[in-house]
Amino acid sequence: MKNTIGKNVAITVFGESHGDMIGCVLDGVCAGVSIDMEFMLKQLDKRKPQGSISTARKESDMPKIVSGVFEGKTTGTPITILMENQDQKSKDYSSLKDIARPSHADYVANIKYHGYQDYRGGGHFSGRLTAPIVAAGAVALQLLQQKGISIGTHILQLYNVFDDAFSSNAEELKHEIDKVNTMYFAVLNEYIGQKMEETIELARLQQDSVGGVLESAIVGLPSGIGEPFFDSLESVISHYLFSIGGIKGIEFGSGFSFANMYGSSANDAFRYEHGNVVTTTNHNGGINGGISNGMPILVKTVVKPTPSIAKEQETINMQTLENTTVAITGRHDPAIIHRARVVQDSLLALALVDMLTEVYGTSWWMPCMD
Amino acid sequence: MKNTIGKNVAITVFGESHGDMIGCVLDGVCAGVSIDMEFMLKQLDKRKPQGSISTARKESDMPKIVSGVFEGKTTGTPITILMENQDQKSKDYSSLKDIARPSHADYVANIKYHGYQDYRGGGHFSGRLTAPIVAAGAVALQLLQQKGISIGTHILQLYNVFDDAFSSNAEELKHEIDKVNTMYFAVLNEYIGQKMEETIELARLQQDSVGGVLESAIVGLPSGIGEPFFDSLESVISHYLFSIGGIKGIEFGSGFSFANMYGSSANDAFRYEHGNVVTTTNHNGGINGGISNGMPILVKTVVKPTPSIAKEQETINMQTLENTTVAITGRHDPAIIHRARVVQDSLLALALVDMLTEVYGTSWWMPCMD
Amino acid sequence: MKNTIGKNVAITVFGESHGDMIGCVLDGVCAGVSIDMEFMLKQLDKRKPQGSISTARKESDMPKIVSGVFEGKTTGTPITILMENQDQKSKDYSSLKDIARPSHADYVANIKYHGYQDYRGGGHFSGRLTAPIVAAGAVALQLLQQKGISIGTHILQLYNVFDDAFSSNAEELKHEIDKVNTMYFAVLNEYIGQKMEETIELARLQQDSVGGVLESAIVGLPSGIGEPFFDSLESVISHYLFSIGGIKGIEFGSGFSFANMYGSSANDAFRYEHGNVVTTTNHNGGINGGISNGMPILVKTVVKPTPSIAKEQETINMQTLENTTVAITGRHDPAIIHRARVVQDSLLALALVDMLTEVYGTSWWMPCMD
Amino acid sequence: MKNTIGKNVAITVFGESHGDMIGCVLDGVCAGVSIDMEFMLKQLDKRKPQGSISTARKESDMPKIVSGVFEGKTTGTPITILMENQDQKSKDYSSLKDIARPSHADYVANIKYHGYQDYRGGGHFSGRLTAPIVAAGAVALQLLQQKGISIGTHILQLYNVFDDAFSSNAEELKHEIDKVNTMYFAVLNEYIGQKMEETIELARLQQDSVGGVLESAIVGLPSGIGEPFFDSLESVISHYLFSIGGIKGIEFGSGFSFANMYGSSANDAFRYEHGNVVTTTNHNGGINGGISNGMPILVKTVVKPTPSIAKEQETINMQTLENTTVAITGRHDPAIIHRARVVQDSLLALALVDMLTEVYGTSWWMPCMD
């Protein structure tokens, strides 16, 4: 469905980097939820560039909710969130109109839209469109919170620097999630975090960029969520997450490490523990047969290095049909992984809210139904 | 949509391992296509167990097309493919009814369906349901073939044995695709293939199992396919592929290796070459901004080791609520990756046919429209 | 979605009149429902031709459930129902291959499918495909029954003969629904029913056919069902019902009579009565703003006269591109409205089950959740 | 999908009557279309209240396109159209907060959204939300125009006053469509139009309201459009049109008159005429078996009398749970049918664009593809 995803709770995203506005419509949220605007702004802050590790572009990202909320509470009808584009500096891009920036969408957009796309700043393909997703995700996260479901994401790897992995102990994991959710540069080991920031700074100085790996954990998700075939939790979650521009890989639980394991090591043994069913390991990342088994859901994604770099690169001029070079001189991020983190949390939340609604219905979420 | 996927060309899958029949409905295929039954059977053969590296279970998998084909050609209305379950040996499973096989769907199915699921042989979660997908995929592959689009998959890694990667040279890649498409145990380097088979055999002798990594390549896909946000090629392809039971990770192009790269190495430079636009490297696996750029699409998936192993494992009895052990003594595969390969080809084909139809319409495929 | 409809509970229909099999896949039904096969067969009997008012074609319509039911109960996974085509007499139709029967789908199918459609007996467009819908509808009706929701339909008008309308008294209406649900030729006034049968017989003797109007009522539907804009109850119900071949009009409540009314007569006043909210009239057929208000849902549809008539008609030969005439000499119904009745009940049930699931979730239906 | 409809070309609607903004997102329109803003404004004018036959409320309805259009042309990405709510006079409604206006959505919204809905002026259920639909419809109508497809609607009946029906002559019909498309109060016979306006005025003076019947015709639609089962043209068109608040019935071609006809009169004979296939009559309204046959598509809908009337009516107070009365004293329309006309045109256009895209693809519409 192109720019809409979700069956019972759906999000539609629109806008271009240098157009008038970007925004989204979030449809299917139950009525009566007090929107926590402070939380929404905090979430948006996590996506904002900060310090020298990010672009100097100042985006206000101030969300304006123009429908679906009345007297501070959701009405049950579509929630529309708008954000004005203020610090556009469109002139930065006019010289790039015909130049296909390597690994950006410029070339494919030019093919797909026959030259009619808004080319300024990546247009509809700009990472800027993740801002409304974060705003909508804040609503989804609030819904999940209310049902005891938490999501947290940290930077597991940045170039050649590695953070500790999430704990396999349930209690500790909860604390770790709470901790990273308060951080801008989300890592478990803050010393490692510093090393990572230095690595980004180093890339910036070299007119270059770096990527990394995000690790997310979801705790509190009831077992039985996900559908047997085409709507396996893995299918749905990956569908949502691959809409983030820079993500090029995803794995659940042990993921690609499964390739090196024997079945006897890879299998997660079930056990009754204090009346609950647990698995003694969690190689499958909380998902069996596409359905949640009550253990933490574990997801990793790889975020490629930001394609916008100041270094000169070979490319083509789409107008003159000639080979040329480009050095992208605008304000750009030497890394976006720390900013992509909250987008990942947001899309995970939106995916889960939709999946849960299929099983429990819209009415399940109603605060007054508690 | 649970057991249905696709917008303009959709597949619906049904059945249980030990029920009467499994099958699928493929809706939206244009009229007038001569179904190549020989090709369909060949594809199904690739999914069949063969030799000691596979289960001894004999499945006929004979597809019976009961609708949508008339006088050998598609009619434009739903194509229904049925397969009878013959070699069921249901007694094999009755003793396992209450035992949750580790890393199988038994436990989650029991939760989700409150004990009413058909537990025999994994029921609806059985890998057996991929047989109708392969049959439907054969039709999709035929459509793509007609438009000059080829798909091929090989076993890149099996436990600790590694095949050569697909060539970065377009011509060579085409030959490699053609080659692997004729093989049962699909590898580029046949000596390596032998090593892999030995590795599987070794696992079997140890009452254990192994997994690996599949690498797929798609050549000939026009540029401009894929949609900007939620229906990026990566989103749609991963949605389809994660419906294969054992797949726990996916990556496009350089995938998780991007984490270790600088942007200047990761970016794919564009170049005009003999009037065509190419990229000098293909780290992005033929996809920029979620849309095909005309280069080969490169996808890797990880297939976890088969969870059914003869070794004793700890688990629970869901009826008595007690901890227990299980040794799965039926006929099982020490590896399924070589059989999963054709399922991956099939799902890739189904995904692409749907995506292409969105841009070009149902009528584009009509043979008489050529 | 062509041959699939429904979001959380979906039905996919397939087959051709003279192919091997027709059938359907019903996906999303909760686990644990004891399928009442006797009820399903009774429903199918209502669709069967009986006596001289129907075609002499004998269709066994014996439903074979090949997936989704285990030990008599639904498993929660797709329910597949197959019916073999036995009494096909394909030769009846070969002479008609190139003749476009007036008001049939022959001509449009020939255009849409470029001559590749299965032309025998209407192929995929045959009314025969409503048989699996009735079988699936029986499951949906069972679910609704369990929640205290009843549906009944009678022939309100047949050519120039008019039955009594459903009662506006809730208790009486319930009895009327129960009554018509036991009948083959469903009318409230049996004397009128006899007149109608005579009218059909008269049409048959004149080598002609007749149509009429069906009136359906739904009682027990909770208020709050239906979605504000594009999934209004009217939108969804009409989408389902217009898939019945002969239906060319639909109205809710007073329907087209609203055109002749003043607002003061058309509005339904609300009133508290014994603690419940009722409306003193029900011109809106239980639907305000697209959402159920707790009053009976009232729907009328018009079924056009059967297009297959023995009388000679002008038409074209699609092969020779010449004008010609046709007299349809096969076994045909002089009226199908009495057989369409149960199809309408079935589609209404399928529509409601999907709409209710959106609000209450799949789990709401589980028998063990009561 | 609640507030989103369409598969390849989709519209999402949002907003409340007295919220900040209403609007819509139109996704899937091809790139390169010069948006004719003058035409869009003309279409919006047709929806605006004018003279004493409409409400005195002044709505600016000025559409602001904030995404998807760049340098006057569509970009291929989502088109977002916003309209500010200016003349809100929210105080008018505060006294009505707990009063369920008869035949309005107040009561069902209160049930469905547990009292959290925006009750002012009908909130999300307000007819005001049809304004963005008209703006989006203008884009769809432009696309159809470019392909030679025209849509026109006139008031066939207003209370007891009847306009001439659309001509059965193709050439004349085209002229009639062109004619009504220039009118605010769309009728074929202007003398009749005057009578209708007098009838509305009379209703207004009596503090009452009237409804009527709209007749639409579509010419130039290629044959073969529509899908066999659940996406019949009738199913899809009715799904779209029943999202208009006041519409309670729809019929295609002869519609409910089929009930009174014999098959021999109801059938439309095919004939070759100047190399084209036509039908000698058009009782089926251009649709056989759910698929267009090349003849004009004929649709009629009934618009019920406006429920907001100044006359005192019986109703309930939802807060005190008491019976009470209400006289709706705000600014209201004694008839909305003349304003609903352009909404019907718009929804028909959106439905057709989506159906055509399924067959011909997004690329078919590209201006540069001509």
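Worth a mention:
Order of writing sets the chain letters: A, B, C and D. Residues in each chain are counted from 1.
Definition applied: a contact is a pair of C-beta atoms (placed from the backbone, for glycine too) under 8 Å apart; a residue touches a chain by one contact, two chains touch by 3 or more.
Just so we're clear, the structure is a prediction, and the values are computed from it rather than from any experiment.
The chains that touch both subunit B and subunit C are A, D. Distances between chain centres, each the mean of the C-alpha atoms, put A farthest from subunit C.
Our note on geometry: subunit A versus subunit C, Cα centroid distance of 45 Å, whole angstroms. Subunit A and subunit B, compared by their mean Cα positions, are separated by 27 Å. One inter-chain figure worth recording: subunit A and subunit D are separated by 38 Å, centre to centre, where each centre is the mean of the chain's CA atoms.
Across the assembly, subunit A contributes residues 1-4, 7, 13, 77, 112, 124, 228 that each touch 2 or more other chains.
The part of subunit A that touches subunit D in the complex is made up of residues 1-4, 7, 10, 12-16, 19-23, 25, 27-28, 31-32, 64, 66-68, 70, 73-80, 82, 112-118, 123-124, 366, 368.
Across the interface of their complex, subunit D is touched by residues 1-5, 7, 13, 100, 102-105, 107-109, 111-112, 122, 124-125, 129, 157-160, 203, 206, 208-213, 223-224, 226-232, 234-236, 238-240, 242-243, 245, 247-256, 258-264, 266-272, 277, 279-280, 283-285, 288-294, 302-309, 311, 313-316, 321-323 of subunit C. Residues of subunit A that touch subunit C in their complex: 7-8, 77, 228, 357-364.
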